[in-house]
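When the chains are written out, they are named A, B, C and D in that same order, and each has its own residue count from 1.
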Amino acid sequence: MATMKAAVFVSPGKIALRDKPVPEIGPLDALIRITTTTICGTDVHILKGEYPVAAGLTVGHEPVGIIEKLGSEVHGFKVGQRVIAGAITPSGHSNACLCGIGAQDGPDSPHGFKVAGGWKFGNTIDGSQAEFLRVPDAMANLSPIPDHLSDEQVLMCPDIMSTGFSGAERGNIKIGDTVVIFALGPIGLSAVAGAKLLGATKIIGVDSIPDRLNIARALGADHVINFKTHDPVQEILKLTDGRGVDVAIEALGVQQTFESSLRVLRPGGTLSSLGVYSSDLRLPLDAFGAGLGDFTIVSTLCPGGKERMRRLMEAVGSGRADLSNLVTHRFKLSEIEEAYDLFANQRDGVIKVAITP
Amino acid sequence: MATMKAAVFVSPGKIALRDKPVPEIGPLDALIRITTTTICGTDVHILKGEYPVAAGLTVGHEPVGIIEKLGSEVHGFKVGQRVIAGAITPSGHSNACLCGIGAQDGPDSPHGFKVAGGWKFGNTIDGSQAEFLRVPDAMANLSPIPDHLSDEQVLMCPDIMSTGFSGAERGNIKIGDTVVIFALGPIGLSAVAGAKLLGATKIIGVDSIPDRLNIARALGADHVINFKTHDPVQEILKLTDGRGVDVAIEALGVQQTFESSLRVLRPGGTLSSLGVYSSDLRLPLDAFGAGLGDFTIVSTLCPGGKERMRRLMEAVGSGRADLSNLVTHRFKLSEIEEAYDLFANQRDGVIKVAITP
Amino acid sequence: MATMKAAVFVSPGKIALRDKPVPEIGPLDALIRITTTTICGTDVHILKGEYPVAAGLTVGHEPVGIIEKLGSEVHGFKVGQRVIAGAITPSGHSNACLCGIGAQDGPDSPHGFKVAGGWKFGNTIDGSQAEFLRVPDAMANLSPIPDHLSDEQVLMCPDIMSTGFSGAERGNIKIGDTVVIFALGPIGLSAVAGAKLLGATKIIGVDSIPDRLNIARALGADHVINFKTHDPVQEILKLTDGRGVDVAIEALGVQQTFESSLRVLRPGGTLSSLGVYSSDLRLPLDAFGAGLGDFTIVSTLCPGGKERMRRLMEAVGSGRADLSNLVTHRFKLSEIEEAYDLFANQRDGVIKVAITP
Amino acid sequence: MATMKAAVFVSPGKIALRDKPVPEIGPLDALIRITTTTICGTDVHILKGEYPVAAGLTVGHEPVGIIEKLGSEVHGFKVGQRVIAGAITPSGHSNACLCGIGAQDGPDSPHGFKVAGGWKFGNTIDGSQAEFLRVPDAMANLSPIPDHLSDEQVLMCPDIMSTGFSGAERGNIKIGDTVVIFALGPIGLSAVAGAKLLGATKIIGVDSIPDRLNIARALGADHVINFKTHDPVQEILKLTDGRGVDVAIEALGVQQTFESSLRVLRPGGTLSSLGVYSSDLRLPLDAFGAGLGDFTIVSTLCPGGKERMRRLMEAVGSGRADLSNLVTHRFKLSEIEEAYDLFANQRDGVIKVAITP
């Protein structure tokens, strides 16, 4: 049996490179030879044991690669095509998918629901930080990469760009909106780009790392606030003549950014939450307007599926969104433990890393 | 100067009938002679001092009456017409109104926003529990009552029906949805009727008062749960084969109903909050799916304006919704202190009272 | 090789019962033993040669039956289950499906698009007027029938109810809307039920057949207009005090009903077209308001897929919609030529027929 | 009585500068001293007698100016403020306004509806091509100009930008959409900018005038097609690999562009019509997919009101949209007949003119 290198979750605190069998595929699957992948903040949650996955699971959910093999029932693709698949891989045929929320794909039978059933790679099945990846429901999930785009140009599509843009989309941004993004990591920066792409005319980014504030400006932020030197709530009210913002995007996953997002919303505004939280949240009575504020709060999991990926690659290819400069560091798959160390500890100004087997 | 009787807020714990001058009106106002009005749960919050209003303010925000006088710039109406006005009276010309959220009407100048600016009657200006009422921005707010409808038939339109239906509307109910309503007071019962009117095919009502559970059934609930004898979360999962509900409507304003609403939501579902809260709310990590559930949480303040009232009276007149049997008790305006005593203490199975000057 | 009876298109003017092999199924398919099916107006278009299909094709697209066999890759169902499938059978994995318009399912490759790619049964593959039916993409399309519902109770779900309701849904009906339905055949009657289910408070039906006008009233029409005795446009303006309707649903497919739909729309209203047309349409300059009317015109093809079917069966099971009385005549499959003769010529007050193998 | 110069419609073929009294204002009005205005294609329809207005009416509906006087009931503004008002001036208090379609503002009484009731300037009341302008319902319609924006920078907001953007907005453009704009006059060019602002990733402009094709490129078109040298339908299918476009914007008002828009739509796509038509339109059977294409056709009249204007000026001020270079020629009000001659005959590459009293 052929073997390959794969980054596996061993135990809390340890993700390590191991030899594993190259995945077998079924009739509806595809086997992808990974050419580039990356590490996500969620992988760091897994590393730290904050988000539980099975020991031995291959981690990673952001694949760029080449079709190595196709299941017998997969039509419309051919071996050798360059493709990406989304971090979320909807089956296409579940009730959730047929309702248009593929990220919540899952068993239709009555076992009680669970959230995020569409997130499979590196969560419930082996992931992309490996030499090969099995893609389930390949016809719904493989998306060919246009020839003129490099691996790194599309590397943000499977998760970062899809998630960040969805924060803007679910905020239902309209022309003339003022939008704030709290936390300018890869997701938040992508949300800045998404807000710009959707017609927000005043975009405010909040973080404390000068490099990130600068990238936010380059991606479309009209104003940036360093929360170490200025109170963001006060600054935002000042920047909006006291009106507050139409849409606030939370891109970190902690009480403070969530609460500040709520505090700066105009009546009738939308809080669009992208964070992965690790504790209960509080809606303070005043910030929530005692329930009388006509507020909307939405949480969104990264949309997946080949059509989403096609559209995001169109955004890249047309020059409308360029997130490739978020890749600050590059590693071989063999160096992935080192990459995790750098990324998890946010050293050396790292934003995203590119991993190549 | 002509005087009239009016129920005024005196101090926490005391609303009393007093003589006050009949209101003067400006060019854009109308003066309404009240023929029927009612008491709202919010008035009880005011009575108890939980929601602060100015001492001496006339309370009440649910007017049915006859046009007594029209301001010089009010066109399209005539003295003697029977009309209602919504609890919320949007100006029509604020930025919020022009954005479609009249309930958040308010000064457009940059003083910092506040929520619920469209709620004026019995909050920031004198209200409807009186012989006469000044209606501001009359052209946007007076809605003629069709001849064949009685005062009591339209008495629920200004607030109860508008709020309850908005809970269903903002939940974005679709044909085939399962909807639960937590708490079956007047608002919750109206939300049951609204959910039915919008195509929900499985409606579940939760309360502990048998009479209310029965009325809920009559208004469209397919199932009712007495939370004193059954755990609503478990029962709802059973009734939905473990799927959870598409939409949960919170109609009370406390942590328990809010939290239970969240716990029974399917991934991608909507929590539609109608409650007026008096303390912070908590989003438990598991119930919120750690932010990965594609949930939507909306809070809604009663929509107002004459077009809304026209539509609700159409719903009444066509027989689509009949909430007149929510009126369980009737009082003269001179007996309003007694009415408050009954209503605030929820005695004698009271649901809503009708007050006639 | 096992054979079965099937109604096949022979040539324009002739649909005849023939022996054909029982369908073979692939890994993603299911084989259904048909227990009840019906004839649609579209089948009559096929019979007359107005809508071309291949000679020898089994016609019919409204299946109720029992799972006889499942493809090797089909999970979540079992042989012997009673199921329906929609008239439209989306694959779940095409770009169109992933955009949420499964009715426009089709090859994703760049051959040039065509409309209605999701309509396969009795159009591009063998249909349901037979003893057995192959259902493609079974996991996306099989929907189990609740035990307490009879075949005839769910027989309208695959097409009539799904199409009629979609006319109301795509009209974006709101509480308080006035809605007119032009032509009260099975689709139009179903649209009446759909408009009621979605909160329209004044529903007007237009036809010339007294029985259909009566059924429309029973399904929710507040007013009916016999166009042989009254001018519908004038009557509708009278019924709406000159305002016009919010939504007009066209359910026939000819210029006159389409044009009248447009003429009675209020500015900003929606024309929801369900008809299958056989000639060009004209938008008269005045009716179209010279382009200044903020009108919306939508055409909709029957939504399919198992989740849609599940929801429609919920509407039936909850008593929200009962279209079973549209079945006015019953035939054996062996009598199908006679059934076509009756149905195509609209004799004996026929609305829908039930065909049982 | 003070007099002023005003361009008035005299008779078909003749718009001339005349002396008229400075307008009187009522309690809800404002008087604006015009500092800059412009001529619209619609004014040319009026000039030619194709769109009838009363003889003696002052024409023009695109005002930039300074508040000269305020009605007694107008609050929130002050004399001397620089303001614009939209071409469309919703009252804020009609049923149409309260439904969110202010462009269809009009009498609520049952006289039978008419379209475009919100368009008053230069249509039903005196317009802006004059030294002074009465603005009705001033509180809903005056929008202060930020100090840092010049008259010419905001001159496109009242109509061109609002209309063009609305074509993109009503097309419901999503990230990754392909959008074509047929006809690149001022409205079409503005629609190009709007499509870009809303996230379209492939924008195709169609016209025959090279200068306009170049401006379209500068405003965001990825591809342009000269219909004199290439068949737009064929080119668009080629550019989209046969898929067709998601949204087609018609910006001229003739059968050919309307029909081509329909022909290039993918199933499920939207035709967004901005044209003012002067004859019946035809929906060819094949282009309309016989009614089976899940198409949406929307027509939109320029949105107005102060909040819309505020948002458009935000788009200008933030640099998101710059249409000021559409102004190719400048005239004094005293030269307006000359300006009409140039503009109506499309001489000298004129796109828009600026007129200053």
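One rule holds for everything that comes next: contacts are C-beta pairs under 8 Å (C-beta built on N, C-alpha and C of every residue); 3 or more make two chains touch, one makes a residue touch a chain.
Being a predicted model, the structure only gives us computed values, none of them experimental.
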Worksheet item: Common contacts of subunit B and subunit D?
Response: A, C
Worksheet entry | A-B or B-C, whichever has more C-beta pairs in contact | A-B
Item to complete: Return the distance between the CA-based centres of subunit B and subunit C, expressed in whole Å.
Response: 39
Worksheet, complete the sentence: Touching at least 2 other chains, the residues of subunit D are 99, 310
Worksheet entry | subunit B partner contacts - residues on subunit A that touch it in the complex | 96, 99, 101, 103-104, 106, 110-117, 119, 237, 241-244, 253, 266-268, 273-285, 288-301
Worksheet item: So in the complex, which bits of subunit C are touching subunit A?
Response: 26-28, 72-73, 76, 90-93, 95, 97-100, 102, 107-109, 137, 139-140, 305-308, 310
Response to the item:
subunit B residues touching subunit C in their complex are 165, 169, 174-178, 194, 197-199, 201-202, 222, 310-312, 314-315, 317-318, 320
